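Here the structure is laid out as structure tokens; the discussion comes afterwards.
Chain nomenclature is as follows: A, B, C and D, assigned in order of appearance, with residue numbering initiated at 1 for each chain independently.
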């Protein structure tokens, strides 16, 4: 049973800063890659979610803790799970791992609100909500195992 | 008579890379700041140009030559002029100067096409076109003086 | 007495996304602008802090809560304060305000660790530490007033 | 014989702007991905080129022509070739293709100068120069065939 989804990103030169490591805001962009690919693994295309279902997953809250720096050209795993799902909100959890030695570089979460194109809060369409709930339950089972 | 417009940007940490200088794609973002502020100096608000006049200045061509690197925290002048204006296209020129010693760090241009929201090419509304033509003429006079 | 520092940023086109609002990771870059300018108001130049004092303020933790979206071309105030200061760590707080109506768009914090160029944790040099402590105390007084 | 190298990128949400398409400066970041992967295909690791050979490929000139917009979530091919190689300079060419229909979205080039860590111009170490020359020759043959 799917409890989380892994996707690989390779650090781009543009993502580094003069400290010689990745600038910290880029981790949030990788988290975005992680949740989009998690949704694709669930059979959903976020692009169509916006276009066909008029449902935008707006970011309401972000947290990231940086344990070790990511560096240029490294291959990283973005491991994404769903921590919580409600009618109108969704919480993703993230672990960022360096593939060469499986070191945990960062952990984080994002909380999202379902909105329509006009920016008004709405409920997630049922197909999404059910899938999100199943994944949140599966992740909770894994965490408590 | 207005021939060009100067705007100041300060280099952000996020714009540097591990070479210790500004990553080159950021110059294009500063050029955008330059042309938006040039338009504001002409009395136009680019935001309203999109919303009220359904006219988007789509980038069709970019060139930038990098003479000397920009570095963290430096104050830079983006000097923007209009090199050419036609019914449907517009060409901006840019000089990027380091304020501490007036060193020319980069030069560039961008070519734009007027489009509506749907992405179809259109003519610039008359008020913009006349102002762009005047500025292009003024800049040509200056260059040839 | 200084309790916080305000700096203005104008939203760039590059910072928006196809939802028509600012992409959320850009708020972290504005927070960086905020803390650098707060330090400048304290008489410190972060660039020299790295070069002359071999002290880098590495980001260890970031949190941001998004209340209302920021939009293209808006003028925003980044209001930065020091929430806590210790020998080796520093916590900044941020409020992001839309200048047209003083609406609070986002709040956040960042936690930093002092490191040398090699990335090893160190103590803040005394001059910084004293200034940070004074500002943290001033901010605490204001908050509890 | 290798004449060019293809690498896939998927458009990230962060790369779009409020026009609903990719913001134009991001193409330059994809070009960087293209040339780094081309070098990897040649057996070179750009990271080690900096660290072990003290050779940085500094960007001196960029040009990009935008034919059709790239959009969120699209899979794109960055096709990179070497157009010219000299003792101290290197010119890459790029084609950006949309994978769904092979549409050519953009073309561009970058010119680079070999520098050491201190930013002084140097010659490319022989192993790189020979490989670059071979690739430039192979590409010229293909173009003239």
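Definition applied: a contact is a pair of C-beta atoms (placed from the backbone, for glycine too) under 8 Å apart; a residue touches a chain by one contact, two chains touch by 3 or more.
These numbers were taken from a predicted model, which means no experiment stands behind them.
Peer 1: Please determine the option from A-C, A-B or B-C whose contacts repeat those of C-D, over half of the contact pairs being identical by residue number.
Peer 2: A-B
Peer 1: Look at the interfaces A-D and B-D and say which one is made up of more C-beta pairs in contact.
Peer 2: Looking at contacts between chains, B-D has the larger number.
Peer 1: Please report how many Å separate the Cα centroid of subunit B from that of subunit D, as a whole number.
Peer 2: 25
Peer 1: State, to the nearest whole Å, the distance from the C-alpha centre of subunit A to the C-alpha centre of subunit B.
Peer 2: Spacing between the chain centres: roughly 35 Å.
Peer 1: State, to the nearest whole Å, the distance from the C-alpha centre of subunit A to the C-alpha centre of subunit D.
Peer 2: Distance between chain centres, rounded to whole Å: 29 Å.
Peer 1: I need the residues of subunit A touching at least two other chains; which ones are they?
Peer 2: In subunit A, residues 13-14, 19, 25, 29, 72 touch at least two other chains, as defined above.
Peer 1: Can you list the subunit A residues touching subunit C in their complex?
Peer 2: So the residues of subunit A in touch with subunit C come to 19, 24-26, 28-29, 56, 58-66, 69, 119.
Peer 1: Quick one: which bits of subunit B touch subunit C in the complex? Just the residue numbers, please.
Peer 2: Of all residues in subunit B, those touching subunit C are 12-14, 29, 32-33, 36, 45-47, 72-73.
Peer 1: Show me the residue ranges of subunit D that touch subunit C in the complex, using the header's touch definition.
Peer 2: So the residues of subunit D touching subunit C come out as 13-14, 16-21, 23, 25, 72.
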